[in-house]
Each structure stands twice: as C-alpha cells, then as structure tokens.
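So, here's a batch of structures to check.
Two complexes, one shared chain (subunit A), two partners (subunit B, subunit C).
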Partner chain A sequence: MASQATFEQRRRSAGLFLVAPAIVVLLAILGYPILESMMLALQRVQLNAGEIQRSFIGLGNFQRLLADETFRHAALNTLYFSVAEVVLVVVLGFGVALLLNHPLGRPGFFRILLVVPWAIAPVANAVLWKWILNANYGVLNGILQSLGLIDYYQVWLGSPFSALNFLLLVDVWKSVPFVALLLLAGLQRVPSILYRAAYMDGASRLQAFRHVTLPSMRGAVAIAVVLQTIWSLRVFDLVFVLTRGGPADATVLLNFLAYRVTFNFLDIGYGAAIANVIFVLTLLLAILYIRLVRPAEGAAR
Partner chain B sequence: MTSVPPRLPPAIELRRVAKSFGTVQVCRDVDLAIETGEFVTLLGPSGCGKTTTLNMVAGLEDSTSGDILLAGRRVNELSPVERDVAMVFQNYALYPHMTVAENIGFTLRMRGMKRAEIAARVTAIAASLELSHVLERLPAQLSGGQQQRVAIGRALVREPRIFLFDEPFSNLDAALRVKMRAEVKQLHQRLGVTSLFVTHDQEEAMSISDRIAVMNRGRVEQFGTPEEIYARPATRYVASFIGNPQIELMPGTVEAADGRPAVRLGAQVLPLPGDGRFRPGQKVEIGIRPEHVRLGAGNLSASVRLVQPVGPLSHVVLDWDGGSLTATLPGFSRLQPGERVSAAISPDDMLVFDQETGLRL
Partner chain C sequence: MSYALYRRGGPGLRLVTIVGLVLFVVWSAAPVVWLILSSLLQQKALIARPPDLSPANLTLDNFVTVVASAAALGRGILNSLIVALFSTAVALALGAPAAYALARLSVPRANAIAFLVLATQMLPSIAIAIPLFLVISRIGLIDNVFSLGVVYLSFNLPIVIWILRGFFLGIPAGLEKAAAIDGAGVLRTFWHIVLPISIPPLGAAAVFAFVEAWNEFFFALILTRQSAQTVPLVIAAFAGQYQTVFGQMMAAALISVVPVIVLAVVFRDWIVRGFADGMMKG
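And now, the complex of A and B:
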C-alpha cells in the first residue's frame, strides 16, 4: 500500500477540508429552512391551545391557491409591479449610466452620490418615504402646493391606484443606482476603438449608439433585467412600512401576502405554499441569471 | 506662350501641424507633402507622434495649430467622411456582433445606400480579398489574417480618396505580417490610392513604401525614398533607426593625414573622402553599416567575438581597439571566435555625422 497520496489527491482533499465549514453552514441556514418550508407547504398546520398540529394534505394548499381571489389579486399586483419596475429601472438606469459614462460625468463624486439611495437600509428608506408622502405634513405635498400643482394636500397612499404606483416610485428610486452601475460597467467594456471606427465609417452619435453601444450591451441589459426581476419579486419592506397592503389590498404583493397569511392569520402551511411559489419563480430566474453570466465571462477575452 | 499644365496639389499636405495634449507636445511643426497615388509611411518609435499625425489626417484628432490640406483643400474642421478618408485600425476594430458582410457594408449603410447595392459591393470586395466564404461569420470566428482582410475590406468598400493604416500588422505573427505586407503593397499597385501608413517596424516601412517619413519626438527627421533614407540618412537618428543589424556609430576627431582628411577612432586612423566636407579638429561620429565592412584585406586589425548565421547571411561581431564593429558576410561564415582578421572600410561608405548637431556632413 502506498502510504503517501499523490500531490493531486492531497490537493483535492485539502480543498474539500477547506470548503467543508462553508457547506455545513449553508446547509444549516439555507438548505434546512428551504426543505422545512417545502414540507410545511404540503401540510395543514394548526395552532391549537399552544400545540402545533400538523397533518399531511399533499398539494391541498396549492389547490387552494388556484381558487383564492386574494392570491390572484396579489399575483396580478406583483406582475404589474415587477414589469413596470424592471422597465423603469432599466431604462432610467441606462440613461444614468450614459450620463456617468460621459466625460463630464466621470468624476467619482457623481457615482458616490448615485449610490446613496441604494446604500440606505431598505427599512430606513421606506420610513423616509413615509414621511415624504405623509398626507398632513409631507414634503411632497408642501413642494407641489408651493409650485401650485395641487390645491390641497393629497393622501398619496390613500387610493389603490396611487398607493401602488407610489410604492413603485419608491422602489424604482432605490433600485436605479445599482442597475445604473451595472450598465455603466457594461458601457465601459465597449472598446473605444469601435466608436472611432464607427465615426470613420460615418455613423452619427445616434447610429453609433444604435449599432455599437446597444448590441454590445445586450448581455449587461439581460443581467440587469433578470436581477431586477428577482429584486422586484421579493419586495416586502416597502409594503410593510408604507401601506401594510392597503388600501383595499391594492398593495398586497406576493411576499407580503405570504407574510400576512403566515404570521397574521397563522395559516402556516398555506403561507409556506405562497412562499414556495415565489421561491420557484426566483429560482428559475436565478438559473437564467447564472446562464447569462457564464457565456458573458467566456466571451470576455 | 505655351500653356503649362497646372500642377496638381498634393493629395495630403501638412503645414506646420502641431499637437499638444496639455503641456505635452506630441507633434511639432510637421510638414509633409504627399503626392496623389503615393504610398507613404510614417516611421518612428512609440511616442514619436506618428499615430497622432495619422489621426489628425483622419479627422479623429484636432491639430493644435497648422493646416491639413487634402488635394489642396483645408480640411481641419471636416469629418472623416467629408475628407473622404478610410482607416484600417491597429486591432482591426471590427464590430464583434456583426457578420463580416455587415462589417464591410456598415459604412455604406450609414450613407443610406440601398440594400441590393450594398450587397453587390460587399460581394465584390469580399471576392477580391478572398473573404467570400466567410461573409456570414462573426469576426471572432476568423483567423487573424482574415480579420485583417475584413478591416481592409471595410476601408476599401468606400472607395475613398485616401487610405490610412495605423500599425495594421502589429497583432499578426511574423510570417503573416510579411504576407499581409505583400498583399497591401499589391493592392496599392492595383488601385493606386494615396496611402498613409504608420509603423514602428523599419523593415516593414522599407519594403512597402514609396517614401518614408522618419519621425522622432514629434518631428519629421527625414522624408525620402527608402533608398535615400537608408543610404543617405539626414541625421544620426535616422541612420541608427534604419538598418538591421544596427549601424555602428563611433565618435572620433577629423585629422589631416598626408594632406587628406582622416578620422581618428581610438588608436586607428581611417581615411575620409577628400571632398572638402571636413575640417581638422572637427568632432564627428562615424557610422558604418555592417555590409560595408569587408574582411580579408585592409588595415583595420580586429578579432572575432561572435558569429551569428541567419541563413543567407552571417553577422560577425568584431572587436578592435576602436570598439566593436559588425560585419555582414554572405552564407555561413567559417570564422571562429578569437580569430584575428583584417577589415577594410571604403571612405565613401562611411556616414559622417556632426557630433553636436547629429546632422550628416
């Protein structure tokens, strides 16, 4: 028997030894809760005089979802919220990235300024906007009135349509910086010699943007879209702080619904089923994201 | 009165063109006049201002002062398209997401030409550059030589008045570089379009150009045919930049020996041409090209340090009391290191430079 391992074997076992702690931690804090929540989603869980009673009901919770008017409403809200947010954030982010890529926008000062909304803790951000939008002494009302745009103070979060769109506005405000930086990195990877070539070829600024910048940015935009979709799906803090789902459930997004069903109604199994729907959607998007990132790295010579 | 046909203005003319970036002066008073149909190379080390000069002709960079004229018309403020110039870039600068056909046709598309006409012109260009079978491929799927030809095709398709080349072969391996050099020269012979070419490779410049402008520190040191540049370099700098192996430069003093001028290099005295160009006591630098050192006869006694055969030639490095000297001999030399040889240099083959100004006397 050879007592000594080859260098290759030794290296491999050393690697395993080094990643083992991380794997154990990941399994404990990610793997276990995911499995447990999947199990919960298949059960009817009741709190009865301080006792938890669990009974296995198969896909019963998911069947309930299909017939649930509130769930459908929340799903539609989430769809609207996510689509609108992705479009707004990517378009605005692209615009900001273009400004930052301009020689006048290069100084780091602008980039630091840009990151502020993104760097604020999500709940702090939500609280901040709660004050801005306040119906009695909010600064938004004050500004609009002094500009003569409104006659009297509005309850911005008071009507269903307005409330959902203000949530959207706040989240867009918070999300644009990161996407802008992501797209800025993409813009800076476009070789400047291509712009010189396009200029020599007689392309106008707009044509150079259309034929050189945009095609080169396809990968970066795709990544931004997928990431932003994931982030839009998981919005919770804003709803919790600003509206608690109201008025008339107009701002109930899927994540908030899962929270409400689980912790307010204590319908734990059903809440877990809703959470699992979000989980599967996010997982699919994450897989898509990884696929998008991989060839982009391969193509970067 | 006999009518004299009007002389055509030069295709490209630079008049005291200067360029600075902040306090750094990249080009100082560049004067050049390039005739229609000429192939001219800007040659010099990196940082000598040759690419900046090219970019100013292209319209990619503005000159700080001076005039740029194309066919007698001042174009300083015109765009590349208005100047009717096309450029082949150093790293090809092909659009990575466009096929070969789209790359070549892009400039025509920007001009709003009809699809059918673009396709016809692209097909014709591709055929002449042996690119017909790769028209639908992306640049990343091509070999280096093919990418280079696409870049040339993209310039050709516009049928411009002037071609500009910015070190187009620097990314190719040695064998391909020589092949592409020949292709570009043949293309120029066929089309006769005025071309301005930038390179730091003196051999490339010599082999491809009608005339060469040797640049140094933002100035044109000499503008002439390859033969003039090689055989009659205007300055010490030009002499040392051109030629492989490099010219041997040795400082010395002019003396009068038996009434004839000669130069003292260390303990040896070599005769100079007696045409009155030199005066005794003058501090000079003597340049001797390797092929002008003849071994076997002569009054220069030396010993062999190193023999480097390169196939058709052998470079022999000699030590003598005036320093070292390289001689180029045909074929494979049988000389051995340490062997004593005698060498002769004809006075007419010596290039004599003023030590202070660096100008050839």
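And now, the complex of A and C:
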C-alpha cells in the first residue's frame, strides 16, 4: 500500500512537470489577449491622431448591439448559414461515411478523395470557387448552359439570397470530408457482434440499420453536429475572398462583421463586444461537446 | 443467405452504393479537376463560352509565368514553410508530454485543464487579434515569421494535446505497470515505451498542425505586412490583383495547395485513425 502511494505521488509530480511547459506557453500567448479583449468590450476606444483613447462605458457596447440593424442582420445570416451548413454537412457526411464503410467503398482511392478538399486552404478554395462561379466565364455557367438548364450566364454572387447560398455550398463542399471521416470512425466502432446478432434474429438490412447502426451512431453524430456548428461560426477567409460581405451585406457573418467593425471602421471596443458574443456562443457549444463526448467514451469501452 | 452476403447487402443496396460512390467521386473531384485543368489552359481557351477544352490549348505557360514573375509566391512558400514547421515542432515537443500527463498521470484536475485547453480553441481569432497586434507591434515584431509562428502555437498546441490525449487514454494500463515493475521511472516509460507505440497519432497530430498553420489566413492578414507574408495572403492578393488572368491565378493556387495535399494523401491513414479517434474521446 505504501509503495502504491509513492508510485502515485511520483506519477503526479512527473505529470505536473510534463504538463507545465505547454500550459505556461498557452497562458503566455493567450492570457493577456483574452483579458484585454474582455476589457476592450467594456470600453469606448477612439483613435485620435494615432493615439488610442479608451474610456470605460460598462455594457454600453452590448446595449448598442441590441439596437444595431447590421448586427441583427449578421446574426440572422449566421443563424441561417450555421443551421443549414450543419444539417447539410452532417447528412451528406453520414451518407459518405456509409458509402465508404460498405465493402465497395473500401479502396484507398475514395479516402484520397476525402482528404483533398480538407487539406485545401480556405483561401485557395475561395479563389477556386470564385473562378468556377465567375459571371462571364465561369465553368458552372458553361456547363449549365450547355445542358440547356439556363438561357443566359448568371451572376451567381450578385443577388443576396443566391450569394449566401453559394457561400454555403462552397463551405459545405470543404467541410463534408472531415465530418465523413469522423462518422466513418464512428461506424467502424460499432461492434460487429451486434450485426451478427441482428442477422441471427432474422432482421432485414434496413431493420439492422435502424436498430443497430443509428442508435450506435447517436454519440458520433452529436459530436459532429456540435463541432461543425463551432466551425461554421468561425468562417472568415471564404467571406473575405469570395464576397467581402456583399451584396448588400447578405454574406456578412458575425465573425466577418467583428473584423470589419474593428479593422475597417476602427471601432475597436464595439468589435471586441461582437467577438465576445461569438466567444460565449462557441463556449456554450463546447461545453455541450464535452458532455456529449463523455458518455460516448464510456460506451466505447 | 450467409452472414458475409448479409453484410454486403442485396443487389438493391449494391446499386445504391455504386450510384452514391459515383456521385461522391464527381462531387469531390470536379472542382479539383477544374483547378488543375484551368491552370493548364491558355487564357483564350478559358474565356471561350463554354471553355474550350481541346488538347491543343494545353500549356505550361501559366506556371512558367507565375514562377518567374511572382517573387512574392516563392517568398510566401518559404515563409509558410518556416512558420508551419516551427509551430508544428514546438507544438509536438510541448504538447505530447502535456497530453500524456493529462491522460495518464494523476495530474490534479486533469479533465478541467484539458477542457480549458480545448476552450482556447473556441475563442474567435478576432477576439485576441487586436490585443496581440498591440503587444507585438509594441515589441517591434510585426511582420516577423517567428512571432507569427508563436501565435500559431495558440491553436496548434491545443490541437496536438487534444489528438494525443485521445490516443493516450486508450493505452492499456498494464504496459506502464510492467515498465514500473521493471524499474523504469515515469519519464523513461514515456520516452522508451509510450512514444515508440505512438508514432501514428504523433504523425497525425503533426500533419494536422502543419496543415492548419500552412492554411491559416486571419492572423497572417493582421500580423504581417510584406516580408513575412505567408502563402494564403499571397494567393488572396494575387486573386485580387490579377483576377482576369484566370489560368495564372489557378496555377498559383495549385502551387500553394500541392504541399499540404501531398502530406494529407500520403498520411491519410494516420489522419483518419489519429484524429477521428482523438476527437471522439473525452
């Protein structure tokens, strides 16, 4: 018993020794900026002749948010974008995972196809799609016209509704592979003995899917939903390159709004307030993620 | 019906699977194929309606022009390489021991620390960008690859810790016990027993961190001016500047994504196993 205690003690002090450097570095990089950004959100920050003037205004910035038409618009855009993206990505990702889990989908070639969109930089992806969607020479227009589906070349990014949905399409294209990988890993963890039992009991394939696959995948799907929601709130590069928020602010998402308010309008305190709203939203989602992961871990054992 | 046949499904399911796989291939590959094709076609072929795909229009001129004229691209690639290698190496060196400690060694409040590490990832980059910018400009390190690399640790360290912790949680406890009985201390066990069996997840974490750093845009946009500009900035600027020279634009974009695509394809099995498993565990 005594030797057991020293064994644990030694492991504990070694543990602190191993974990400390990483935590110290993270704190050194992030500690001050996090506190400072919360302070900024409570201040009015003005730039006068290159001098930064700061005055404490309490929750003034947050009160401004409530009355701000542009913020409300961006929040609605973000809500639509995130909900639609999560639904599309998880449904398509699940479909792809099922395909790749089938014996016909096993060849490595399919996995190669899966990692390519994931690895492409969001900026390069945006540049590529800007060219595909080009109003005068874009290949999408070319294909649709050749097929007789459209009469004239369309300005896909020209009207608010269409621009937001194409932004969505491009991000879905890039996001599906990763969620598919996540769900594929989930599918491969479903114990095969369950399928064997379903077979012995004379269950049809469809019944096995409904009563074995779907319940076993509940945890993995929930994780994918939360992670994808967090990622969809972070979209920035795509908006920056593809639409710059236009037309008529139709593609201004919260993250882009925070950037624009801060760096274009130099309204630093207000920008920090918007950023903190996004932070709190994401943090709540992260807590949800943790709660979902825990039982999934227990079930896997 | 045998069990093997049962698992594979009947002709109906096979047909659905084949159709699904074909759609999946077209959906995933078409944009990439068009990226490659456009980079190899002359301008006159690209601005034909519809694009003229005859082989006579194939050319390497776009690449030649881009490589010869855009010195910024070469410098961007070099900068991205330095930033990505630096932040990946440091993240692994600090993150692997930390992940091991959080997963296996009875560090007080290990789960809370792990959650806080993850929570830093929830921070929108924009929230910390302004204070970071103010600090870094005060010490005169704006437009410097190493200050950018240090900032990248803010996301690469959490990524590495989170991926590896998921793996370390699954190591059988008997392995460490056996090493302890043989007289190995904790550090020796970590170095000689745990790390050698962790090559795939270490590789996954490394590839992941490298790709994230190589592709990062927002911090680079705010913290660099010219000499430290990374590839995504060069590509974004290029696309704004020469937005009518489509072939060259695609050639530049292709050059910028090839290194990470090669990495991702070569190490795909590690990524699939290492990352997906890491993310599924508390």
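Keep this in mind: the second predicted complex is superposed on the first by the 287 of 301 C-alpha atoms of A that agree within 3 Å, B and C clash if a C-alpha of one lies under 4 Å from a C-alpha of the other, contacts with A are read in each partner's own complex, and residues count from 1 in each chain.
Methods note: a contact is a pair of C-beta atoms (placed from the backbone, for glycine too) under 8 Å apart; a residue touches a chain by one contact, two chains touch by 3 or more.
All of these numbers come straight from a predicted model, not from anything done at the bench.
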First, second, both or neither for A:131, with subunit B first and subunit C second: second
First, second, both or neither for A:191, with subunit B first and subunit C second: first
First (subunit B), second (subunit C), both or neither touched by A:199: both
Partner chain(s) touched by A:150 [first = subunit B, second = subunit C, both, neither]: neither
When both partners are placed on the shared chain, which of subunit B and subunit C touches more of subunit A: C
Which superposed partner A:212 touches (first subunit B, second subunit C, both, neither): first
Partner chain in contact with A:76 - subunit B first, subunit C second, else both or neither: neither
First (subunit B), second (subunit C), both or neither touched by A:47: neither
Overlap of subunit C and subunit B interfaces on subunit A (superposed complexes): 196, 199
Parts of subunit A lying in touch with subunit B, wherever the complex brings them together: 191, 193-194, 196-204, 207, 211-212, 215-216, 218, 299
In the complex, subunit B residues that touch subunit A: 58, 60, 79-81, 85-87, 89-91, 93-98, 106-107, 110-111, 140, 154
Subunit C residues touching subunit A - in the complex, by the definition given at the top: 3, 6-10, 13-14, 17-18, 20-21, 24-25, 27-29, 31-32, 34-35, 38, 46-47, 49-51, 94-95, 97-98, 100-102, 104-108, 110, 113, 115, 117-132, 134-135, 150-151, 153-154, 157-158, 161, 169, 180, 185-187, 190, 211, 214-215, 217-218, 221-222, 231-233, 235-236, 239, 243, 246, 249-250, 253, 256-257, 260-261, 263-265, 268-269, 271-273, 275-277, 279-282
Residue ranges of subunit A touching subunit C (in the complex, touch as defined): 7-8, 10-12, 14-19, 21-23, 25-26, 29-30, 32-34, 36-37, 40, 95-96, 99, 102-105, 108, 110-124, 127-132, 134, 136-137, 139, 141-143, 145-146, 153, 173, 177, 181-182, 184-186, 189, 195-196, 199, 205, 219-220, 223, 227, 230, 233-234, 236-237, 240-241, 255, 258-259, 262-263, 268, 271-272, 275-276, 278-279, 282-283, 285-286, 290, 293-294, 296-297, 300
